[in-house]
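Shared between the two complexes below is subunit A, which has subunit B as its partner in the first and subunit C in the second.
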Partner chain A sequence: MLFFQVRFCGLPSSPRGMCMTDYTWTVRVERVGEQEAKVFSRNHVFVVGEQASFRETDPHPSAVEYLLGALGGDLLRGFQIQAARQRVAVDALEVMLSGRLNNPLSHLGVVGEAGHPGLESIQGTFYVSADADRSALEEMWRAALERSPLFNTLRRSVELSLELRVML
Partner chain B sequence: MKPLPLFPVSTVGSWPRPQELLRALRRKQQGQVTAEEFSRIADAAVLEALRCQESAGIDLVTDGEQRRDNFYSFVAEKLDGVRLMSLAEMLDVVEDKAGFERILQTLDVPAFSIQNPTCVGRISLREPLALDEYCFLRQHTNRPIKVPLPGPYLLTRAMWVKEVSRAVYPSKEDLAEDVVAVLRQEAFALRDAGVDFIQFDEPVLTELVFTQGQTRTFMCAALAARKDPAEELEFAVALINRVVAGLDGVRTGLHICRGNWSQREETLLSGSYHPLLPYLARINVQQLVLEYATPRAGELLPVTGKELGLGVVNPRTADVEAVEGIVERVREALRLLPPENIFLNPDCGFGTFSRRPMNSLEIATKKLEAMVEAATVLRREFQDTSTVRRVAGALPGNG
Partner chain C sequence: MGKPPILVGAVIYDPKVALIWETIKNFFEAHECPMDYVFYSNYRLQVDALLAGHIHIAWNSPLAWVDAQRRSSGHCRAIAMRDTDRDRVTHILARKESGVRQLADLRGKTVATGAIDSPQATLLPLHLLRKQGLTQGRDFTVRRFDVLVGKHGDHIGGEREALESLRKAESDACAVLDLNWATWQADGTADPNRLAVLVTTAPYDHCNFTVLDRFPPEEERRWTRALFEMRYDNPAHREMMDMEGLKAWLPGRTTGYAALTEAAAQQRFFEEEGA
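Now for the complex of A and B:
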C-alpha cells in the first residue's frame, strides 16, 4: 500500500533529497465496519467513527473530532518547537477546542433547513505554564500560529478564535 | 487563646503567592527542589503575607496558605495512603471521562492545573497537616491565629476515587472513618499548641444543594457516586460533628462558599444558603464563615446560636468595596445577630488555588484595609457593648 508520495527533484531539499516545495501527504481510508473507517497513514493506523456524532458515547472519535484534535496537536507541537528554539522550559501545555457546525440539521438532512453542515466556528483556549514572561510566551504563540499548517488552512474558511492563557 | 475586639476582621485563609514561591511549588512537585530550599522561599512568603495582614490591621491572621498548592490537595504530602493524581491519570481510571471534560469547561481551567489527592492506600498522618504552619507563624506574630483545614466531607469526596480506592476502602463511608480520625488528631494537636481558630473548609456543600447532586467541581472526584443530596448533607453533618466533638478551648468555624476558581462570576454557583439552613444549625462549630458580598449569595439568613464570619468583600473583583457599603452590610446582619457574634472577612481566599490568585497583592491588601476601616466605624458605634471577648470554649454550640 502506498502511504505517502514523495517526489524527488533538485530544488530546495531536505537532508534525504526530497523536494519540500512539492511534498504531498497521502492517507488511505478503508471501510472496515458499518460505522467506522480505518485510516492508514505511513505506518500508522487509526479509526474514524461518525462524520459528526451527537451522542455521549461512541466506539470511535468522529471526523469532526479528529479535525479539532489535529488542529490542537498541530498548535501544541508548534508551540513546543518555538519554546525549544527560545530555550524556554515548558511545564505544561494544553489546548481546548470546540467547534460548531453552521447548521447541524442540514448535516442530518432535515428538509428545508437553511445554512450548511460545515464548521462555522472553532473557539479555543491554549493553556501554557512555562518559565518565561507573558510577552515572550505571546511571541512564541504568534510564531506558532504563523507556521501552523492547520491553523492557516482553517482560518481561511472558519471563524477561528483562539486565546492564549498563561497559567502561573 | 488571645482576646479579640468587637467585629474582628479576618481572612478566609489564602493569600496571593509571590512568583518565586509559585515557581518553587511547581519545582517541588517535580522533585526539583530540596525541602530546605522550599522552606526558605515559603517562609519568606508567609512573612510577607503576615506583614500585609498586620499592616492592614486585621485582628485574626493566617499564614496565607502559602505552603499549600491549594486548600485541600496539600494533604497528599502529609498523609500516607494518598497520592496526588494528575487529571491525565484520573482520566485513565474514571468511567465518566466526558463528565470530567464538562467540569473542566465549567471551571475554565486546563487539566494540568488539577491534581487530585487520591486515596490509594490506608490513610494516616505521616506529618502534621498544619501544625508546623501554625508554629512558624506563632513565632512571628502576637496576633490571634486562624488555621484553615479541609473539612472531612470535602476530603472524603475528593480522595475516594472508586476505581483506585475501593481495594482499601470499599465505600467512601469507610474512608470517612479514617479521615475523621486524621482530622481529629490534627485539630486536637492544633488546639493544644494554642491555635485560636480552626476553620474547616467545606465548599462542596453548596454544590450538593445547587446542582442537585450533579458534581461540578473536581473537589468531588467520585463522579459516579451521585446520591440524594439530603443523604449526602446528613453524612457531611455527621462527619464534621465527629471531628469537632470534645474539641473545646479553641474557636471552630466552617467555611462554605460557592466556588472561588474564576473571576467570571457567572461560572460560579449561585443561590441562597437557605436549603442548607437546617443542616448548618446542627453543625457543632461556633462560627459559620459565609460569603455574602455578592448577589449570588442571596439574602442573609439567621443561624441562631452561632457566630457569623460575614463575607463583606469579594476576593475576585478589582474594585475595592466602599467602607460605607461594608458597614451597611454589617448593619443588615445586626438585625439578625448581636454585635459580638459578627466577624468580618472576605467571601473566600485570595489565592485558593495557587495558580489562580483571585487578585493582586495591592488590591487584596486594600480590601483588608476597607474591612478594618469598617470595623473601626462599627466599634466606635458599639463601644458601650464592646468588651473584650472571651474565647470560644465558653460559647454555645461547641460540641
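Now for the complex of A and C:
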C-alpha cells in the first residue's frame, strides 16, 4: 500500500511559502500490543514502544527516541548531501543527541507537578571527519541546518543546541 | 466490568519510581486484586487526597502518617510496611579530628541537617538534641539543606549535602539515616576513618500504607493478602523489592511514630507549615 501523496497548492504563493507543490507524508499506525504500535510508512514498517521510557532496556524505542533519531538522521543525511555537492569526501559522520522533557513527572500525571511533558531542550554534537578545512565544513553544516525539515520544525518550539566538532 | 481497582497514592520525585509502581500494579492484577496508582508531587497533597477519599491507600512517609493521624483525629490505620521501615535510627556524625567528641561539644557549633520536612535528617535528630539539653538557635546553629521540600526527605540529596558540608568542615556535625550511613561508607562517599558517630536516636519506624478507618476490612484483607504474597526468593518479585529496598512486607504498626509525633509538635512543624 502506498501512502505517499502529492497534492498541488493551487496558488503560486501559498501562505506557507513559495512552493508549487505541497507534499504530504502519511503514516498509518496500528496498535499491536499493550505497549507497542506498528508504523506503516510507504514500504517500511517499524515499531514504537512507550511514549517516553524510563527503563534501562525495552523491546522497542520510545516515541521520544524516534524523534531524536529522526532529527539525527535528517542532519546526517543533510550534511552528506552538502558534502557531495562540494565534492568533499567524508570519512565519518556521527551525531549524538540528548533530549530533555520540561517535566517528565507531568508526563506521568503526577498530581501537583508544574510544567509540561513536552521536550524542553535537545543538545547534540555532530562529529565529522572529512577531507576539507574547518571553514568549508562549517559552511556545509550551516547549509545542512538551513535545509533540515526537522531542525527547522523543532527549533521553533524546543531549545536546540547543536555543536559541530571536526575530527582529524 | 470487574471489581473497581483499589487506588493507592504515592509521592514520586523520579520517573524511575513509576516503574516500581507499574510492577506492583501488575503483581496485584496477577493476584486478582486490581489496583491502580495515583502519583502526587508532595505528601501534603497525598494526605489531602486520602482524607477526601480520592484514594483508598496512601504510601505515606512517617511524617505524612503523623499528619494524616493529626488531621483525621486519629482515624487512620497503618496496614503494612517494609521490613526496612522498622527500627530505623538516625546518627549524628562529627569529624574525628574536629574535637567534637560528645554532645556538649556541639555548643556554639553548626549542625547540618536535611530538608525541613525530613523526619530522619531534621525533625528527629533536632528532637534528640533538644531532649539532651541542646536547643537550636540558642546552643547551636542549624545549617539546613532543603532539597525537594514536600517529599519528606525521600530524596537523599539534602542528607548528602549535609554530609558534604561536614566533610568540607563547613559544619561541625550532620544527621544521617543509618541506611544511608551504611551505604555511603560502603561506596566511599563517607570515610569512616575520618567521621564518627556522636550520638544515635532511639529506633523509630519509617513509611507505611495508610488507610482511613472507614476503609472496608475485607478490602484491606484482600489487598494485604496479595501484598504479603510477594516473596524476595521469587526472581519475578525481587527486582521490584530491591528497588523499593525491602526483603519482606510486614503488617503495619504504629508504635514507632511516637518520637516523630512529639518532634513535630515540639518544633511546631505543622503550624509553621500553615496546616
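Heads up, the rule we're going with is that the second predicted complex is superposed on the first by the 153 of 168 C-alpha atoms of A that agree within 3 Å, B and C clash if a C-alpha of one lies under 4 Å from a C-alpha of the other, contacts with A are read in each partner's own complex, and residues count from 1 in each chain.
Operating definition for what follows: contacts are C-beta pairs under 8 Å (C-beta built on N, C-alpha and C of every residue); 3 or more make two chains touch, one makes a residue touch a chain.
Here the structure is a predicted model, which is why all the values come from computation and not from measurement.
In the three-chain model built by superposing on subunit A, subunit B and subunit C fit together without any clash. Once the two complexes are overlaid on the shared chain, A:V45 sits clear of subunit B and of subunit C alike.
By the touch criterion defined above, A:V111 reaches subunit C but does not reach subunit B. Measuring from the middle, so to speak, at the Cα centre of subunit A, the directions to subunit B and subunit C differ by 70 degrees in steps of 10. Shared-chain residue A:D131: touches subunit B; no touch with subunit C. Of the two partner chains placed around the shared chain by superposition, subunit B is the only one that A:E94 touches, whereas subunit C remains out of contact. Applying the stated contact rule after C-alpha superposition, one finds that A:F54 touches subunit C and leaves subunit B untouched. Applying the stated contact rule after C-alpha superposition, one finds that A:A84 touches neither subunit B nor subunit C. By the touch criterion defined above, A:M167 reaches subunit B but does not reach subunit C. Distance between subunit B and subunit C in the overlay is 8 Å (nearest C-alpha pair, rounded to whole angstrom).
Overlaid on A, the two complexes show subunit B and subunit C touching no common residue of subunit A. Those residues of subunit A that touch subunit C in the shared complex are 54-55, 104-105, 107-113. Within the complex, the subunit B residues that touch subunit A are 19, 22-23, 26, 30, 98, 104-105, 109-113, 354-357. Residue ranges on subunit C touching subunit A, taken from their complex, read 12-13, 15-16, 18-19, 38-42, 45, 49.
The residues of subunit A lying in touch with subunit B in their complex are 56-57, 91-94, 96, 125, 127, 129, 131, 165, 167-168.
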